[in-house]
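Input: a single structure, listed below in structure tokens.
Here the chain labels run A, B, C and D in written order, and each chain numbers its own residues starting at 1.
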Amino acid sequence: MNEPVHPAALAAGRTEIRVHEADFDVGREIAALRAGNAGIGAVASFIGVCRDLNDGDQVAELVLEHYPGMTEKALAKIADEARARWDLIDILIVHRVGRMLPTDQIVLVVVTSAHRGESFAACEFLMDYLKTQAPFWKKEQTPEGSRWVDARATDDAAAQRWN
Amino acid sequence: MNEPVHPAALAAGRTEIRVHEADFDVGREIAALRAGNAGIGAVASFIGVCRDLNDGDQVAELVLEHYPGMTEKALAKIADEARARWDLIDILIVHRVGRMLPTDQIVLVVVTSAHRGESFAACEFLMDYLKTQAPFWKKEQTPEGSRWVDARATDDAAAQRWN
Amino acid sequence: MLNILYFARLKETLGQGAERIDLPAGVTDVAGLTAWLRTRGGAWEQELAATRPVRVAVNQDMARGDTRVNDGDEVAFFPPVTGG
Amino acid sequence: MLNILYFARLKETLGQGAERIDLPAGVTDVAGLTAWLRTRGGAWEQELAATRPVRVAVNQDMARGDTRVNDGDEVAFFPPVTGG
């Protein structure tokens, strides 16, 4: 951490945010982000996945609604906030919307940095903030019918750790 | 966090530890780990990468030596420790040995769980412990010749956070 | 004019995803606009009650009760977010 | 017999990666074995000095000075680890 951040790496770093229905390929996304940047020493990533069980009920499918326009803006703001807190190289956030089935990927966050502490912290921070600040809503299809997922107190608590 | 962990998911969880010279394919590794397990909601992963700069010097290549036998044993112990601390589904640790060039992948740690807090914490814990407890040694080739990398005080501090 | 948007559960219970209204007389902030919408009664009164966890964004930024609302603004009402 | 292993910088400075020796008389733990090796002088005395950050594993488990050393054990000496 005492070491100066590689200037070339900083210059090559980028923030990429995408919201779409299509699935994503984790290996390809990470490879594209890292491509040619020898200043990167750490790549932390997180994939949120659709489970078949939530709050004790079977989930047959999930529909993700969002607020087009604000979503991208909110995610960009969260990414800027992460860059202000840590020395990062790249940030990638991909969030799917629309219909998803159990085992489907929902969200991908990848952060690169010179050393691991920064990318780990920023990746978890981005997920905690995304969970409480980005306008996405999940609706589950269960045997009892469809229901909007309630916000979790644990997610608010997780986001507040960073204040 | 108050929700019971999916029994089927727990049954399907596994710990996989590999030490070898060959490179690894992150996308393939994560897909294999997750395959068919609809109880997984979170996948946290970390890739350690060979940088072209360390302690201010250009690094042309890196040679990773290890202690065959003890390496696997030490990593298995670290994985067991992580399982004792958090409700996890899968743990994958792949560590390369031998010669590596800048931008080459060195280590991969992937942790899956029902909820994200556990997989994030365990992934960082595994890396912190691996950095201080697993018998690997890096030798760098720089313009001034080859040198053994010194252990970092920051790595000891990172590992001690978990005590 | 105000461009008002409703998302998720609110879109369903209020029966619409968007509406355009003239800026009501006397309304200057989010709290005022919310109070004005509640005067419609029924689902409006119930869903936008102060005790409900409704979130509001003005021009696509998260807002609070005292956030200003001006003519031409886009104001969105929605439940706490549950993405990721 | 003891199977002694040396890794990384120690393997180079001591000029060998492994050796087999009879358990020296009076040696019962890691500290005793290290002291015995130091009596060889030269690089041994220097590299295994108490002030050097040498790590020891007995039968592939991290050990401390008071960890027992018995006939047939595998004892490894190495610098602090730097993997990952």
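Everything below uses one rule, namely that a contact is a pair of C-beta atoms (placed from the backbone, for glycine too) under 8 Å apart; a residue touches a chain by one contact, two chains touch by 3 or more.
On a predicted model such as this, the values are computed, not experimentally measured, just so you know.
Counting hops only between chains that touch, chain B reaches chain D in a minimum of 1.
Chain geometry summary: the mean Cα position of chain A and that of chain D are 47 Å apart. Between the Cα centres of chain A and chain B there is a gap of 21 Å. Chain C and chain D have Cα centroids lying 72 Å from one another.
Within chain D, contacts with two or more other chains are made by residues 84.
Shared contact sites, meaning residues of chain B that touch two or more other chains, fall at 48, 116, 127. Chain pairs recorded as touching, per the definition above, are A-B, A-C, B-D.
Remark: chain B residues 1-4, 6, 25-28, 30, 34, 36-56, 102-103, 114-117, 119-120, 123-124, 127, 154, 158 touch chain A in the complex. Residues 48, 64-67, 69-70, 73-74, 95, 106-107, 127, 130-139, 148-152 of chain B touch chain D in their complex.
Across the interface of their complex, chain B is touched by residues 5, 7-9, 53, 57, 60-62, 76, 78-84 of chain D.
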